[in-house]
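What follows is a pair of complexes built around subunit A, which joins subunit B in one and subunit C in the other.
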Partner chain A sequence: MSLQAMDSSHVALVSLKLEVGLFDTYRCDRTINLGLSLANMSKALKCANNDDTCMLKYEENEGDSIVFTFADPKRDKTQDVTVKMMDIDSEHLGIPDQDYAVVCEMPAAEFQKTCKDLSTFSDSLNITATKAGIVFTGKGDIGSSVVTYSPSSSADDENEAVTLEVKEPVNVNFSIKYMNQFTKATALSDRVRLSLCNDVPVVVEYPIEENGFLRFYLAPKIDDDDNME
Partner chain B sequence: MRVATKRLATTVCNDRSAAASPSSDVENNADIIMIPPTAAKSKKLTSSTSTTKTKKGANTVPSHKITEFFQVRRSSRKTGKKIDEEAKDALRDRIVNGTNEKLLEIYKDSVKGRGIRTTTNFDKGDFVVEYRGEMMEYSQAKLIEQQYSNDEDIGSYMFFFEYNNKKWCIDATKESKWKGRLINHSVLRPNLKTKVVEFNGSHHLILVAKRPIAEGEELLYDYGDRSAETIAKNPWLVNT
Partner chain C sequence: MGIKGLSQVIADNAPSAIKVNEIKAFFGRKVAIDASMCLYQFLIAVRQDGSQLQSEDGETTSHLMGMFYRTIRMIDNGIKPVYVFDGKPPDMKSGELEKRSERRAEAEKALTEAKEKGDAKEAEKFERRLVKVTKQQNEEVKHLLGLMGIPVVEAPCEAEAQCAHLVKAGKVFGTATEDMDALTFGSSVLLRHLLAPESKKIPIKEFHLARVLEEMKLSEDEFIDLCILLGCDYCGTIRGVGPKKAVELIRQHKNIETVLENIDQTKYPPPEDWPYKRARELFREPEVTKGEDVELTWKEPDVEGIVKFMCGDKNFSEERIRSALTRMQKSRNAGTQGRIDSFFSVSTQVKCVTAAKRKAQEEAEKMKKGGKKGAPPKKRAK
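For the complex of A and B:
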């Protein structure tokens, strides 16, 4: 099951993929696109308790809505929440395959802290990566924060390592505000992967189990040069 | 916009029953997807142009849009019906505009007179050319045929056929630029067959490739007339 959504200003895109194996039961007779307003979907999901199981159900012949069934096996309780669908045909983006010049993996919590620290100084995050290391810079009027990671080959714990693959150096700017939103997904995964290329959206990916993922795509900031045009 | 992304993240966390607790500003009821982006964007742009001029730095520079990088995807999956419709529309355009005419050339044969050669390859089933002339009903055609028969100089360009249980005729006797009328007959080795197609109530007699046809081949189809009278007059109908 895949989910895609953009923010209202169309700067960021989220793409979620959950493998069939993650579900207790999964049935899908044919590929189908279902459009939901995130606001309405979150209303439905908020009805759930933490230990509930959730079942999503859509029947083609039963109108234009999706049923979320939350079940609490301990109390033998179920709750059906029905959410109206919406037409989002024009909102679905094709994400082209891209060979990224830089791929960096690090502990998700580490990335979260780096972004948070930078955001206290700046609205803008500069990422510079070379073979020597990856540098996150936030410069503002009151000061700056510069975080440098040199690829650690000696790290004891695989989960703590910062790995860096650099085909070509990159230097890109992003809005830190979005990054901070993305790092809310830190709870999902120990590791985060950043894929970067000059002048294309960055991918912030949180793996989910084997082949699933939550990916955030963020368009770069407009360069000064661009603004002059 | 901030709300939206925040909501994205929280929604997903919730979905996974993860530890992250919903943050308070999720309560804000902005419509996430349907806000027209232009308003927000243009506002940002105007403010930023002024700030960058005053060299306040990159902090206030807006971001590109993700849609500049990723195109809206129109599903490329089509239903069989849709594909058929599109093929039919394409065929109609080719017939009506006579686009295939320029793929064919007239050549002279010492025995047969004029004939038509293709300057391109056709696959089996491809539309090749329309037999174009004046479409008329059988009764009218018979009268005209009678008149023509009085004049020895007039060749036979009348194509009789049946469609929807009704007899029709296309009279291509009049010289025209349409090459379908010049295609010669062969019963033994034809490479075209006739087919009637209908668009918006009017029907057309077309010739489609019976087998793959290579560039330079003469186009031939079976005229189909087997009446004893015409065969007696035109023995080539059965032996070419």
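For the complex of A and C:
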């Protein structure tokens, strides 16, 4: 099951993939597009308790709605939430395979804190990465904040390590406002992976167990346009 | 003005070709603007107590005010404007221009009458109709844009056609105008209300030519013929053929020649010596400066030059002009946010049509067919 959406100003794109292995049972007879309003879907999901199992059901002949069934086996309780579908006619972007110059993995919470710290100083986040390390910089009128990670191969805990693969150094700028939105996904996963290249959108990826991911793509800020003198 | 009723035809027949967006959704886009048309709008709309803004020596300055602030608003929103000015009107427009000057004469008469009667409201109405962009105003605006570092293109002929060509050549994203004929000239994207005043909060309407053609199942040539049937600036139309009939005729007969062969010309008389072929040529091959000969650069604004011109010569408030310019500088230096859709291209169109909508569409289809057989189609209320 996959999902793609863009923000209204077409700067960022979110892509969610949940592979078959992630579900206890999964049945889908043919490829089908289901249009749902994110706001309405989250209303349904908010009804669920943390330990509930969730079943999603859509039957073509049963009208324009999707049923979310939340089951709490301890209490023998089920809750059916039906959400009306919506008409969708939108463009699906094809994401080309990209050989990224830098791939960095770190604890998701660490990345969240770094973005939050930098955003108090600046609207824009500069990331530079070389073999020696990766540096996040936020510079503003009141001052600046610079966070440097040297690759920690010796960290005891695998989940705490910051790993860095650098084929070529990069130096890119992004809007920090969007990054802060992305890091709301921190709870999903212990680790986050950043894939970077000069002048290409960054990928901020949160793996979901072994069988899925939530990826955010963010277009870089461009300093000088070719014909902006 | 433009194509008669085209936006309604598109709204009725190809609703998905129209998108409504806020101005900020257009950041990073280069847009060609029909300058002559917006100057005209500024002269009509930018007013104080009903009369145009004037400098100390009584010269009109509404056009400069409008151009200055609306341009800065676009730059604030990350849009890069290019202004395209009209060249000489095409010969074929003479009929339309004649009609316009007749209307002017009428308005002038009405204005004197209203003034005699002392009816200020009526007088203002007719005065607005008499507004004309002078050569000097055109030059002043070009001078101002030059100082602001905004590129200006002088079209050899119609500005609309030049804008459309810049879009086709990939120089800009779309044409910003209120005249729908930019689409007929082949502009893949047309933006309406981009220059509307901020205070009115009118959202921007985006028309996509490719989707118009796809949804109406027309080729570009058929679309041009349809526009001529609807009514353009260059020739008359067949009497008694309204928008509905025009769409029907082109769908059935594909071009005006076949339409003429198949309709009852006593019931639907075409104009005598109807020059639709020349109008068609004008839309297909308009006189334009080739895209590769046009260079677009956005330069640093000349702040002192602008202050001298706007405040020294035209008596605008220096404080306001300077603060607007500071804002413009700030957005210029902020660095441009890239667009994700300039990196990833559209791979598929995702459609999800709910059963309810499908049913509604089927009903609408049935209604259309029923209308043909039985009762005469309802007239649209005016």
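The rule is simple: the second predicted complex is superposed on the first by the 221 of 229 C-alpha atoms of A that agree within 3 Å, B and C clash if a C-alpha of one lies under 4 Å from a C-alpha of the other, contacts with A are read in each partner's own complex, and residues count from 1 in each chain.
Assume contacts are C-beta pairs under 8 Å (C-beta built on N, C-alpha and C of every residue); 3 or more make two chains touch, one makes a residue touch a chain.
Not measured: the values here are computed from a predicted model.
When both complexes are superposed on subunit A, subunit B and subunit C occupy overlapping space and clash. In the superposed model, A:A185 lies in contact with subunit B only, and not with subunit C.
When the shared chain is aligned, subunit B and subunit C each come close enough to touch A:V11. In the superposed model, B is the one of subunit B and subunit C that contacts more residues of subunit A. Judged by the touch definition given at the top, the superposed model places A:Y217 against both subunit B and subunit C.
In the superposed model, A:D64 lies in contact with subunit C only, and not with subunit B.
In the superposition on chain A, contact is made by A:S42 with subunit B only, not with subunit C. Shared-chain residue A:V162: touches no atom of subunit B or subunit C.
After overlaying the two complexes on the shared chain, residue contacts for A:M55 are found with neither subunit B nor subunit C.
In the overlay built on the shared chain, the residue A:M85 is in contact with subunit C alone; subunit B does not reach it.
Of the two partner chains placed around the shared chain by superposition, subunit B is the only one that A:G140 touches, whereas subunit C remains out of contact.
Comparing the two complexes, residues 6, 8-13, 33, 86, 88, 90-96, 124, 173, 175, 200-201, 217-223, 227 of subunit A contact subunit B in one case and subunit C in the other.
Across the interface of their complex, subunit C is touched by residues 6, 8-13, 33-35, 63-64, 85-96, 124, 173, 175, 200-201, 217-223, 225, 227-229 of subunit A.
Within the complex formed with subunit A, the residues of subunit C that make contact are 16, 21-22, 24-25, 27, 80, 296-300, 332, 335-357.
Across the complex, subunit B is touched by residues 5-14, 16, 31, 33, 37-39, 41-42, 45-46, 48, 50-52, 54, 86, 88, 90-96, 122-124, 126, 139-140, 173-175, 177-178, 181-182, 184-185, 187-188, 200-201, 208, 214, 217-224, 227 of subunit A.
Of all residues in subunit B, only 1-2, 4-20, 22, 26, 29-35, 37, 40-41, 44, 48-49, 52, 57-73, 75, 77 touch subunit A in the complex they form.
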